[in-house]
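The structure under discussion is supplied below as structure tokens; questions concerning it will follow.
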Amino acid sequence: MDPILFFIFAAVAVICAISLIVQKHPIKSALSLIGVMGSLAILYLLLGAEFIAAAQLIVYAGAIMVLFVFVIMLLNAGEEKSPARPSWFAKLLGIPLMIALLGILSYVIQRAAPEGSLAFGEYTGGAREVGRALFTTYLLPFEITSVLILIAILGAVVLAKKEL
Amino acid sequence: METLLENPLLQKLLAPLIITIVIIAVFPLMAGYIVLVERKVLADMQVRLGPMRVGPHGLLQPIADAVKLLLKEDIIPRDADKSIFWLAPVISTFTALSGFTVLPFSHYIFVTDVNVGLLVIAALSSVGIMGVVLGGWASNSHYSLMGSLRSGAQLVSYEVALALALVCGVMMAGTLSMVEIVRRQQDQGIWFAFENYGLMLIPFMIYLIAAVAETNRAPFDLPEAESELVAGFHTEYSGFRWSLYFLAEYANIFVVSAVAVTLFWGGWMRPFPNVGFLEVPLNVGFPVLLFAGSGLACFPLARKLKDPLQAKILALVAVGLIGVGLIFLVPFVNDKIIGVFWFLFKIGLIVYVMIWLRGTFPRFRYDQLMDIGWKWLIPLGLFAIFLNAIVGMLRAG
Amino acid sequence: METSFLPTAAEYLRLLPETILIVSGTILMILEGLAGPRNRKNLSPLAIAAILAAMAATVAAAGNPGPAFNNMILADGFGAFFRMVVLSAGLLAVLCSSSYLTREKADSGEYYALLLYSMTGQCLLSTANELIMVFIGLEISSIATYILAGYLRDDARNNESALKYFLLGSFATAFLLYGVAWIYGITGSTNLEEIRRTLLNPESGASPLLTGVAAALMFIGFAFKISAVPFQVWAPDVYQGAPAPVSAFMSAGPKAAAFAVMLRVYLTAFPSIGDGWQTMIWLTALGTMIVGNFAALTQSNLKRILAYSSIAHAGYVLVAVTAYSDTGTAAAMFYLAAYAFMNIGAFAVVSHFSRTGEKYVELNDLAGLAQKQPTTAALFSLFLFSLIGVPLTGGFFGKFYIFKAAIDSGLIGLTVLGLLSSAVAAFYYLRIIVVMYFHEPGDTMDTITSPAPGIQIALWTSALATLLLGVFPSFVLDYATTSAVLVR
Amino acid sequence: MNGVPLSWYLILSAILFALGAAGFMIRKNMITVFMCIELMLNAVNLSFVAFSRHFKTIDGQIFTFFVMVVAAAEAAVGLAIILTVFRNRSTLQVDDIDSLRL
């Protein structure tokens, strides 16, 4: 059962990711990204990370992507005029570099990654475990993150408000 | 037959499957009747009759409406983005109906019990926003776009208040599983709304207000403000696609009410769960009186109707209602369905309150709406969390 | 176990500098909100007071070094050193900003709040002892700096600078994060000490190949932040576009913090792959020095020249990192401290000179500055001499220690090439001095006013610090040497 | 066959990461470029969760949690920056943003 589910959603994720970078219209790219995020959420469930799966949908699909779509709509961004004309930089570096990166990573993973088979249901990290870790071991990062969010709010206000 | 039913895999798969099918089959009908009730109640508040033509007292109106919607011409605006125009209502409906999967209708009727059930509902509702936003965008019309932007902003804002109110309830329950939340209330013998010397009523009120806004209902129905934006994000939608949005809206109302009932009103438990002598009057007497009484009340109405066919239909409905009431007298059956009865009854109450609000309050202006969300509900929600946490800690010693 | 996570008073003390910065940043923000747009006050004195308090707290925390909050941070001498560097850079940046913002009519508490938050992130980076803190510290520092770079949002140059910095910075963060994920996958931990133990333990079965790839991925992330070749492309555009005081801060504070965290991560966690790492840094250091110095030759915009010079200087520090020894680490620390002062000093002059809207930032606009404002010109020359590495300035001893450490580690080739490239560098610094002293003043010189008090304080402080480091380097170097041992 | 090897998850993660990085290089619309960065972060998250499951410890999930928070903060700031750029130049093409080049 597990491998079947894995392959279905891995395929969805990869197809959506490819669609993200080939779609001409930003809204469709955004939708593709939501597709990737959704299928990753299901893979997280397969990996027993229930809380993270739910958070993935709430934070990424529900908050971040809504923000993206909002901005695309506000700016009324249309299709790209010159979609398939990557600059020399991209041609020279981008694609071959990425293929090389992927090759190296896959080779390394095949050769040296820790062995192990992950079956569904052997280990789960629910809200309780995550919460406990956040408020004990990871207390400092958790509290400091609030500063990060404050900066984000402050920054958005500073950059977007009517007058300085 | 016995062995087949005892097969664990079958039990694991069959029960959820049946419940799912029942929900998908019954809910559209139910949504239709919620609308009928809404129209009737609103009419009553405005001293008029409401739908009266189709069926006795408009009882068959929902079916007529459904037929009309399904047979309507399917129009897609020429400049609309076809694929997204098609996808948006599907997203809305899918996420709204998926919320049903974690609702505990009674202690054994639920599709699945997830450890993070409440988060699943929050996740689905936050993804559901995409349906609204994309629908407005894909229509390629100013009214739709404005409506969807407003609606999206509203949903995102009120989701925060909603979540803060939920946190209070989760704090009381110590779990995110919907079934467990009700079990905790059963163990403690009290609905969470009245926990902490009644302080939990604050988050409940916040939840209720935010839920009304979250479902785009009056007085927060800005996205659909007819006078300004025609019909908001679904201006360009018609026929079947429109009815999908419509279904999603009512499914959302049902789900947010169900969450309120589960988290604050004891889910499938009867009122006063810890008072033993009320067992029989509430669990048997009340439903019997409710159904049989309303059935009996139909007879005088039926006699007044001039059309004999309509009178016959109404009498049939009355008999049906009495029959349902009598079922509750059978102890074995009562035991099985009383949970569902209370669950749905409480949801009905909350839906009634929502209709009531719609009939009473004028619509807010957009800036007022944002002010209420950000400047009142969210600080109040944070305050409620602190208050309930401290009081809860003191109570625990 | 249940109660052991409660932090002790000593642990709070070790976090005190960051706490002060966060609290005062928030107070500044609230004051700004309370004052309203009408009765704005210059809030820079408050920010200065907060930074001075944070400096005092750093000194106090250094008296009782140790880990805090479950080993999340390690407030040791190394951390204290970089905290001081970051705080000094921030202090000078605030001093420069005050008059700059008034001039651009953009004075607000939010700017200072963001600056303080950004410094919080950099202080956390200097003391981070866990990859999660590295990540969060880096993000706090970066996100605040992205906003600062685009702070004057009606200025197209600011927008562009912020956008480039943001897009490339986030891209780099993703690489860093991927490396962290791999390290976690190899060792099962994100604590630097534990990673070191696991990697050095031959029974752990950690593959060196995998560790190398992970360390390289993380290096990409760090290399972006320190603008090392080939990830330096953003730096000139960003430094040119951002407000001058922000560019000054960016070239000193975040860069020092990024070096701090890079040194700590590689020295503490990855001694097992030292050889491969050295080769990689060797190439990067060389490339960074050459690209920085040669590209600066062709520039005519002062901010761009300083940007390329900052790339070149990152290259010198990388030479010290390549040495991979305690003296090398100490030399890098000393150099970063000296560089912070001389570079902010130079940017302070540019910030003063460029006038409203940063209209005058071309090299030729400097013509005749020596006649109009001999003091400013003299101080600018001092900073430029220090950047060249002329004796009696901090820059000289910085370079001296770096190349000495490199020779001690047998990096003769790199040392020779580094010295050659810094000889090239002397050319473009001297060109600025020539324009200042030997060209006739143009019409644009008429509008120049005398430096604002804040700028003057910043100029004199930087000059004093540059000279002090040039005349009595041992005070700082000794401290750097004793604390460099700590991260090994 | 009732388990998925760890390396499959890692390869999926590597594929997504490389796609995101490639998208970053070849796309011209700055919003899409930003989305490619989000894709890369998501790919990293998958690795974290898979490793967390492999070690049966919660640490990787915690890291994922922090990455999400940071991504949200980044999105807010990044989109605000994109808005200011658009306000001044009315373009979303990265190539058009070149006034600083000499």
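The chains carry the letters A, B, C and D, assigned in the order they are written, with residues numbered from 1 in each.
Methods note: a residue touches a chain if its C-beta (ideal position, glycine included) is under 8 Å from a C-beta of that chain, and two chains touch if they have at least 3 such contacts.
Since we're looking at a predicted model, the values are computed, not measured.
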| task | Moving only from a chain to one it touches, give the least number of moves from subunit B to subunit C. | result | 2
| Between chain pairs A-C and A-D, which one is joined by a greater number of C-beta pairs in contact? | A-D
| said: Farthest chain from subunit D, going by mean C-alpha coordinates, please. | reply: B
| query | Between subunit A and subunit C, what's the gap in Å when you average each chain's C-alpha atoms? | reply | 30
| said: Can you compute the centre-to-centre distance for subunit A and subunit D, using the mean CA position of each chain? Integer Å is fine. | reply: 5
| task | Take the average of all CA coordinates in subunit C, do the same for subunit D, and state the distance between these two points in whole angstrom. | result | 26
| field | Rounded Å distance, subunit B centre to subunit D centre (Cα mean) | value | 37
| remark: Residue numbers in subunit A touching two or more further chains are 51, 55, 63, 74, 105, 113-114, 138, 141, 145, 148, 151-152, 155, 159
| query | Considering subunit C alone, which of its residues make contact with at least two other chains? | reply | 132, 136, 139, 143, 146-147, 150, 153-154, 185
| query | Which pairs of chains touch each other? | reply | A-B, A-C, A-D, C-D
| query | In their shared complex, at which residues does subunit C touch subunit D? | reply | 132, 135-136, 139, 143, 146-147, 150, 153-154, 156-157, 159-164, 166-167, 170-171, 174, 177-178, 180-182, 184-185, 188-190, 236-237, 240-241, 299-301, 304
| query | For the complex, which residues does subunit D have touching subunit C? | reply | 10, 17, 20-21, 24, 30, 33-34, 37, 40-41, 43-44, 47-48, 50-51, 54-55, 57, 59-60, 62-63, 66-67, 70, 73-74, 77-78, 81-82, 84-85, 87-89, 94, 97, 99-102
| note | Residue set of subunit B touching subunit A in the complex reads 81, 84, 87, 114-116, 119-120, 122-127, 129-130, 133-134, 137, 145, 148-149, 152-153, 156, 159, 176
| task | Report the residues of subunit A in contact with subunit D in the complex, numbered from low to high. | result | 1-3, 6, 10, 13-14, 17-18, 20-21, 26, 29-30, 33, 36-37, 40, 43-44, 46-49, 51-52, 55-56, 59-60, 63-64, 67-68, 71-72, 74-75, 77, 80-83, 86-87, 89-90, 93-95, 97-99, 101-102, 105-106, 109-110, 113-120, 122-123, 125, 129-130, 133-134, 138, 141, 145, 148-149, 151-153, 155-156, 159-160
| What does subunit D use to touch subunit A in their complex? | 1-12, 14-29, 31-32, 34-36, 38-39, 42, 45-46, 49-50, 52-54, 56, 58-59, 61-62, 64-66, 68-77, 79-84, 86, 92-93, 95
